[in-house]
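What follows is chain A paired twice: with chain B in the first complex and chain C in the second.
The block that comes next holds the complex of A and B.
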């Protein structure tokens, strides 16, 4: 039987599109600078186990699970070891960068001295990425942490803000909305301590605009706190 | 001695007590079905699903690409390893599931042709990369994965393709000649849904007959005391699409019973989808 092979393989996302009415309608639907994309957060996703959180901002969906604190038989220090695994992203550089930010943010709020010789594993799965993955991951992790019962200093509110060339801000931009931005910041903030746990700036932000950008990001992060609180309260009600 | 202590030091004795009474420790009957929850279109790609059943939650995303008509493999499955699923186990599951596509249990090859706005087949085919992420693994993976793939395929929406290459033109088709038109969307024509059920065979050594007890969808704890486990996949017309056996099953009637239970469950699913 003859064998026919083809080397032509074009991912659908690489094909040029014939624009349709629907696309135009989507483009018309612009958000205000302070509005988040439609969001959904959940504390406790799996009934069977403790320590999971889910955050959805538009089409960006991230799930976090916390395993532990458990002893692994190797770690014997007087504080807990925190590990972060990030799955669902293809870009290795991006994975390394996000892992470091997540690790730093989680380590700074967990009372690691209360868990000597234990390992706390944080597993983050990106279900779909449409911009603002780090911010969504930070939200999912803080919800998972709250659900796990691991002692920590407080809730971390995070936000992704983009900045346009005319110095307008856009809260929680999607990938397509980020196309016309100069750069942006992912900002994480612990409201009850009034401390920042993550500032990840990217792009070309003018130095004089940085302060106002961070202040705007802080205000947007504070705005999301009630939503996170509500998710945690709901999970407690469900448990009861 | 409290039951929790007994459970820790003698799991076999603890579970045997329950199995003799015809229930799992959580009160579920040994052949009772467990809830299956699925959600479609949540994880990107051209089609996706999240399925949760029996303590297992998986997400499935389908990425599509366009290729020229060939006899090469059109579907690739990638189960991503996780902390609960080793790389080798993930690879085993990949190899196990691939024949379900090559034998047309999920979808026939001819239904993977790219269509134009009028539904006419073009000399192009869709290639799918099916990525399954294991989010929680406290039971049998195969049941959830088969359901997740089916749900993701049912959710798949593909754009019409516009091919600017005349039929008589013998030159090779180039990328620039292919465009996607999202104004007309086509759904996939699928075969009837598959159902996968996993079973455990527990042997009660203390009883005189050494009877074999069939357990439907046992959890990890119950599976650890089973002599054999078996996963059965049933498709259209109650045809057996796949049987995966681990351990030793001595009675043919048990295997027959497993197939019957799976077929009945599949009928219920088909009926539920029809009335939904």
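The block that comes next holds the complex of A and C.
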């Protein structure tokens, strides 16, 4: 029986954890406040699903799959129903929190009125969690949406930013890097509309500093847009 | 209770709030009447009932639990409060069966986030840590009895009310053999012919003046609103859940901190609107903190066991 290799292969050695200090040594001497961890995004991972996407920020790896739009025989409203399931996190509170954000973000960009009586299932699997899961999940979902061809308003660029006590920022902190932060924010927005789909702030940020933190997050989110574009262009090339 | 508004009714409502006049006569930044009662449940260590606009009704009870944890694996002090929100099917038919479970989980997760740094924010919360490996766990259980909009706002008031009502026993920690400790309730010594068990245990209370508030600010048309009624909730374009904590480190000169912002329920927002909504939340929280402090001071204690249901 012939075996066909899928177009995606990640060598097992690459899945092993890279220590933070080692990672910095590979990339550059020290990560500046505005650089991301080494990242990898992919639009279209499997062929079997209607859409799939993968996002990797440092040691955080998230896979998103979309099944649908399909009729499930029960849903008969004049718009599509979107469901989000999140797997791979231990903390149930965290699952509920992230699921709400993912749901809100996805439903705000998808044109649900174009799919009456259909169900769009979004399945997010967290393969490993090292900080910034929500932002990685949002990136993976937006790539999966692009891959699925479901009509939506546009790409969502998302970023996780932390803030330290002396008001300096850190882009995309890992779990160990965010240990000494005051708080942080996961920020997602649609660049071509310049509107936000997700703001998720935590910690204790002085109210005066909130505005500049969001502004910084927006700038960092803009920086990630070309990477997402490239991933989508690559997936189209592969198709051809 | 399900609300179905026609397009014309929605247009009327939206045009109204944009002109700062709501259907019930309030302006955009007004709350409905708030009723707050404490000590309503006798089976809890602290309880509170909050009614918003005569319809939204929230019952909060707190139970204390002496928890032992592994101090080797848990290096950083964990915040002792655990939230659980439960929607009664009596509140609205949409919560029947498992209908309210997901929403309840989401709200309790939001409260968990808003209170995640409460050890730094609330001045004497660290007293719940008794000894190496032992602490009080504060279980906050919220039941939504009636639903008429603005559930998170009402819950956050009820949580603060219940926390202020919460009595935590004073304990004496004595070293025991094997590196362990024994924890004994502290009773004041009074002379005479009284048995030790009959002397009431000393209690202490939490300082709640900087407890985080969780407010919903909703965008309808171009206006930002607090405390939406169910009709208004049908017209919401997008909503922010904003947690604000007052820090009272310098008396008379309060500073405010955001402990949580969440964009929920779908919808898109401009950056500028977000800033305006945060500003509005801060303004609202000032008034709400004041009203709450006044009420907590003035409220008469109920007899334990005499609930509002009687």
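One rule holds in what follows: the second predicted complex is superposed on the first by the 206 of 240 C-alpha atoms of A that agree within 3 Å, B and C clash if a C-alpha of one lies under 4 Å from a C-alpha of the other, contacts with A are read in each partner's own complex, and residues count from 1 in each chain.
Here, a residue touches a chain if its C-beta (ideal position, glycine included) is under 8 Å from a C-beta of that chain, and two chains touch if they have at least 3 such contacts.
From a predicted model like this one, the values you see are computed outputs, not experimental measurements.
After overlaying the two complexes on the shared chain, residue contacts for A:85 are found with chain B alone; chain C is out of touch. Within the superposed three-chain model, A:215 lies in touch with chain C and out of touch with chain B [touch as defined at top]. Contact with chain B, but none with chain C, is seen for A:129 once the two complexes are overlaid on the shared chain.
By the touch criterion defined above, A:46 reaches chain B but does not reach chain C. Touch criterion not met for A:192: it reaches neither chain B nor chain C. Shared-chain residue A:65: touches chain B; no touch with chain C. Legend: residue contacts after superposition of the two complexes on their common chain; A:166 is shown touching neither chain B nor chain C. The touching residues of chain B, when paired with chain A in their complex, are 42-46, 48, 50, 52, 55, 57, 59, 61, 63-72, 80, 82-83, 127, 133, 135-136, 138, 158-159, 162, 172-173, 175-176, 178-183. Residues 102, 105-106, 108-110, 112-113, 116-117, 120-121, 238, 240, 244-245, 255-271, 274-275, 278, 282 of chain C are the ones touching chain A in the complex.
Residues 92-94, 96-97, 99-101, 103-105, 107-109, 153, 183, 185, 190, 193-207, 210-211, 214-215, 218 of chain A are the ones touching chain C in the complex. Within the complex formed with chain B, the chain A residues making contact are 3-6, 8-12, 14-18, 20-23, 45-46, 48-49, 52, 59, 61, 63, 65, 67, 85, 87-88, 121, 123, 125, 127-130.
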